[in-house]
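In the part that follows, the structures are each spelled out as structure tokens.
First chain A sits with chain B, and in the next complex the same chain sits with chain C.
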Partner chain A sequence: MKLLVCIKQVPDLESRFKPDAAGIWYNETDLAFRMNEYDEYAVEQAILLREKLGEEAELTVLSIGPDRVVEALKKSLAMGCDNAVHIQDPAASSKDPWQIASAIAAYATDKGFDIIFTGMQSQDRGSAQVGVIVAELLGFACTTTIVGFDYDNGTVIAKRELEGGIKGVVRMKTPALVTCQMGLNIPRYPTLPNIMKAKKKEIVTIPVADLLTEAPLATTISFHPPAKKGGGIVLEGDVGDLVEKVIAILKDKTAVLR
Partner chain B sequence: MKTLLVGEYREGKLLDSTYELFGFAGQMGAETALLLVGSDAHLPAYGGTLYLADAAACGEYRPDLHKKLVLEAVQKENPDYIVFVHSSYGWDLAPRVAAALKVAQISEVMALADGGFEVGCCNAKMRRSVKPATNRAVVTIQAGAFPALQPGGSPTIQRLAADGGSTVEFVGYEAAEKKDVDLGKAEIIVSAGRGIGKKDNVSVIAALAAAFGGELGASRPVVDAGWVEHSHQVGTTGQTVSPKLYIACGISGAIQHLAGMKKSDFIVAINKDKDAPIGEIADVLVVADVMQFVPALTAKVAK
Partner chain C sequence: MEATRQIYWNVGHGVVIPMYILAAAAFGYMVWGFRQRLLIWRQGRALDRFDRYDERVKRMIGEVFSQIKVFRVTDGGVFHSVFFWCFLVLFAGTMMVMFQADLFTPLLQVNILSGEFYKAFSLVLDIAGILAIFMLAGLFVRRFVIQPKGLEIVRDDYIVLQLLFAILITGFLIEGARMAATELQQNPDLARFSPGGLLAGQLFTTLSAGTLLVTHKILWWFHFALVLGFFCAIPYTKLRHIFTTSINSFLAPFEPKGSIATINLEDDSVEQFGAATISDLSWKDIFDADACTSCKRCQDRCPAYATEKPLSPMKIVKQIGELAAGNPGGNLSETVSQDALWACTTCYACQDVCPADIEHVNKILEMRRNLTLMEGAFPGDEVRTAVSNIEVNGNPFGLAYASRGDWADGLQLSLLEHDSDVDILYFVGCYASFDKRNQAVAKNFIKICTAAGVKVGILGKEEKCCGEPVRKLGNEYLYQMTANENIGLITAYNVKKIVTTCPHCFNTLARDYKDLGLNIPVEHYSTYVNTLLDSGRLKLEPEPFSFTYHDSCYLGRYMDIIDQPRAILRHAGGAITEMDKNGYDSFCCSAGGGRIIAEEKLGSKISEARVKMATDTGAPLLVSNCPFCLTMFEDGIKTGGAEGLLQVRDLAEIVAERIVP
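This part shows the complex of A and B:
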């Protein structure tokens, strides 16, 4: 069995975002990067399956991006992936989902993967498209937003999350792709011995130009903060003062405190 | 300009969100046609062309079949835009259609922008304006971002045959978990988000809820991590609440959380990040460390 998991590196979302020089994406200076949260669930699920299958399985982790994404690949190797592929693209952030998916599909097309795992969406771009497009391009069966996963003998049974807490159970034959949602599992932390072991695992580097010939289908016009709507009050300062102010506001504006 | 709107049915019922598609088309000033995998028994109040495939024959959502039906309607209608709601149905189906047509997809549109569409990014903290580079495009609209509009009238039906296989087989639904707390009735809710840092700190938030005589709420990651029971989760996949006072402690304000609590009468948010999107709907944003501020507030309220 050959398994693939696709991960993206995203900035820490508690950062302040400023537009880049072109005004179409964020400026990366001073930002700390880590693995996209939804992709951590994908990596964990892929490793759980890898462990269940034992020696017959091989799990590859792939990321498209500049050299910094190697950190996220190393973390995945330390969590338990067998090998990694870095599709090197310093300009990945300006690629649209169609291009990212096309590059992944071009890499995967002759590798004979049985199951591909992706996150349901990236936290910075949030298009929720890349996984599904990869499946379409490869002709894989595909299910999105999974919160439950089981595999047995060529069949995937997945639980899709729908609105209002309802779930839909689906069955697919491999080759198949699933996009992973929060709550699917609790991702493990790499242990020190596994971090050491991961240093011996291979990371293959492929320039994106070797895989991607597609032009973008969408164009970003601008990147900007939301127009301020609220007439809300922002309070800052000493905690004691803040408490007094909040109590005064609650007494004035609500009936919950007398 | 012409739009093909793809509405949503589940278990024999038209979902209300379908009418938000008309709100979007209205703002675009576009002509409409509607596609539904639905039934004659529950037709929408709409006087235009309805491409209808029989849901009873299709079964519940089968992606390959639904994709085929959308592509058939696209052929007949030749629309500029194919529009879905960004729901579990829309985000699953839309990219399949976009990929098959090899056209741009713009996901989770919140508003029309000058020359394009406005979408959220960076966990809703920032916005992008995006436009398709292709003549035709697929759009998914954010739930609740456009007004629901009932056009009225009865449709001219064009039937689509509901045949064709699917690589994804629908097995069945699993009902939502039973709720042991009805947050819908609570007058005061104090909710814990990931910003509380660790499970042990839940008690600090619960203490403030108790001091107010209210209930404890939570954001999803706090529930998924097992810090708080699912029955306390607020949001699209939890409960929808409208208390007199909602206090969000260490919650960033993702759209799925806001959808569950934005109707609260008065919202106080405590967040160390002044730019957190919760600030857009909060009446008061307290910029502070929750673990310092909350115990101090609890001590005052308890007096």
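This part shows the complex of A and C:
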């Protein structure tokens, strides 16, 4: 049984984002990169299944991006993936979800994967499209935002998170693709022996041009911080005065006291 | 007639051969017992503790005979030490009798034990015996009547105390019987030099001569049997500490306090990191269990134990011993419990006070290493997050690494990437870089340096967590990753001297980084500022204030920096009221051992307990010089209801306010 998990390396959200020179994406200077959080749930779930299936299974982790994404691949290998594929693309951030999904599908199409795991969405672009498009391109059954996963004898049973805290349960025949949501599991911390073993695991590098022939369907035209609205005011001083000030502001700027 | 006594009086020289045969058998039994223990100790990993042999022997002789470590805690310690010295005198006296009777008399025909010397000999031995009985009584009352909290009563306590009492009492009874027959009437002047025997002799004055002789003989054999029993019991009871605790003084490490074995991460052949079972610990770790006398001094000082957490350093040492003897394949962290292991703040109070030179802290660290490196375990999810933050952003807060140097905007210092020609590199650390309260400390430290004309540089966004919290939680891999990055930078900038405001960074850079190749002098600002004051480069306008001072574990106990911060505060005009637990006896703030990134979920709060000790002094101000301590006390004052009673400030803030412009 062959399993694939697709991951993305994204900037840590605490980083300071600045637009790049062209103003259509962020400048990577001073950013710290890490594995996309939702992809960590995908990796963990894939490894849990891989461990359950034992020797008959093989788990591949895939990532598209510049050379830095190898760090995220290494972490997945240390967590327990068997081998890794790096689709090398220094300009991955300028690709739209259709192109990324097309490249993944082009890689996966003749590999005979039974189940593909992806994160629900990326923390930077947040389109939530790549997983579902890959499923569509490969003709896989697909369900999204899963918070529960079980597999038995060719059938995937996935619990989905719906609006308002409601859960739904989906049953699919393989081949299938699931996109993973927070709450699915707690990603493991790689053990040192596994980190050491991971150093010897294979990372195959494929130039993106070998896989991608599609043109973008959507183009990013601008990347900028939201316009600054009025900041908050911190009032200090005697409680009596503070009350006066608050009432004055409420009268002046809001409708609550009118 | 010259003062002396007849050795083997009444029992006769005929006892010599059976006596030596029996004694040899008892010694044989004792040696065999230790041989059994040896097999238990040898289950541990190899470790060389036999280098620098002469120094080790010297240290052992010094510590054992002076009883300096036992005496440090007077409760129980005084009784033990005095008893030890008395028993030693009695042992030496008995040896002299033996040499006299079986060597000097038959071979040289001289009698040392005669005349004035015999009088002194007799008096000293009797006084030692009487004192020993009193000390033993004191120990008896302490253990069975007073029963201090945490002092357990086990089988060995009954055996050992009864045996020693019986040996001493029968010793005096034999002497009394002999004196009743030969001295009390015949030579009362000499009898006065045996006060114990004189007293015991009164019991026998009414007996007929024949009964007296038989009684004496029986007593003699009974006393002898007890002594043999004593030797036989040594390896099988707590009495083994006579040897094991003494030997532990020989085996104690020579490395600087707090040294942790740096794991070679390049070695592919290693499959087990940290200690999962007994065989992953060193033989010394198992030996330590036999050196432990359950005096519970470690437990008494443990901040986790004192705040109802499931950790007792003594219990862990005992549990290791029990596993080694009874279930060598057993899982250590399951036996000890993960909660106990994670509760340790590595404050070193246990190890510092241990009279038996037991190394508690590294045992806990080795077990944590197994949990972290082999099982990927964390004390809590908040720690998982903090560790991941250190991996990504180089600080536990998860704040953007690029903003690490922002606190220094507008201050007079250099970023090493722009100008590395500086007097000192200030290794700022995560707290002073990102935590608002501690940024004030960093700024004040820069103010002090500027006033003293010291050119300071920082690494800014290039600096990473020193790795101390994760190392103490067992994550040697992440520690070495961040440490090697820091070391690479510092070395490339050709730094001459490093100063830190964080004692944890200080310990790590000054000691732990040496193993990874950093050999630059590192100082904590407590000593650095003290030197600036002494040399006159920094001048203060003293302004009176009263305060109490908290010794950070990693400055006081680990680095022996106790007087310097107090000297600075005196210089600044401060009048100190010490807390009961100060200096080497200081009580942890709760944040060591990586606990700074963990929530304190079990028991009561350590920081509140320490804040209470500070308010008890009546001083309105608590001064510390560690960012973790400052953070914990700010918190402890709020949650412990000490707001308005106590304020906590850093040493640098006190100094900076008093700089002569």
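Convention: the second predicted complex is superposed on the first by the 229 of 258 C-alpha atoms of A that agree within 3 Å, B and C clash if a C-alpha of one lies under 4 Å from a C-alpha of the other, contacts with A are read in each partner's own complex, and residues count from 1 in each chain.
Throughout what follows, a contact is a pair of C-beta atoms (placed from the backbone, for glycine too) under 8 Å apart; a residue touches a chain by one contact, two chains touch by 3 or more.
Since this is a predicted model, take the numbers as computed values, not measurements.
Asks: So in the superposed three-chain picture, is A:R16 touching just chain B, just chain C, both, or none of them (first/second/both/neither)?
Replies: both
Asks: One more residue to check, A:T145. First (chain B), second (chain C), both or neither?
Replies: The answer is first: A:T145 touches chain B but not chain C.
Asks: Between chain B and chain C, which one contacts more residues of chain A in the superposed model?
Replies: B
Asks: Should A:A32 be classified as contacting the first partner (chain B), the second (chain C), both, or neither?
Replies: Only chain C is touched by A:A32; chain B is not.
Asks: With the two structures laid over each other on chain A, which partner does A:L250 touch: chain B (first), chain C (second), both, or neither?
Replies: first
Asks: So in the superposed three-chain picture, is A:L162 touching just chain B, just chain C, both, or none of them (first/second/both/neither)?
Replies: Touch partner of A:L162: chain B, not chain C.
Asks: Pick one for A:T191: touches chain B only (first), chain C only (second), both, or neither.
Replies: second
Asks: Do any residues of chain A touch both chain B and chain C, and if so, which are they?
Replies: Touching chain B in the first complex and chain C in the second, residues 14, 16, 186 of chain A appear in both lists.
Asks: In their complex, what parts of chain A are in touch with chain B?
Replies: Touch list, chain A to chain B: 11, 13-14, 16-17, 24, 26, 96-98, 101, 120, 123-129, 132-133, 136-137, 141-145, 157, 159-173, 176, 182-183, 186, 215-226, 228-230, 232-236, 239-240, 242-244, 246-247, 249-250, 253-257.
Asks: Quick one: which bits of chain C touch chain A in the complex? Just the residue numbers, please.
Replies: Per the stated touch rule, the residues are 265, 268, 271, 273, 372-378, 381, 384, 387-388, 391-394, 398-403, 461, 476-477.
Asks: What residues on chain B touch chain A, complex-wise?
Replies: 10, 60-61, 63, 86-88, 91-92, 94-96, 98-100, 102-108, 113-116, 119-123, 125-134, 137, 167-177, 187-188, 212, 220-221, 223-226, 236-238, 244-245, 252, 265-266, 268, 273-275, 277, 279-288, 292-293, 296-297, 300-301
Asks: Applying the document's contact rule, which stretches of chain A touch chain C when the two form their complex?
Replies: These residues of chain A touch chain C: 12, 14-16, 30-34, 186, 188-193, 195-196.
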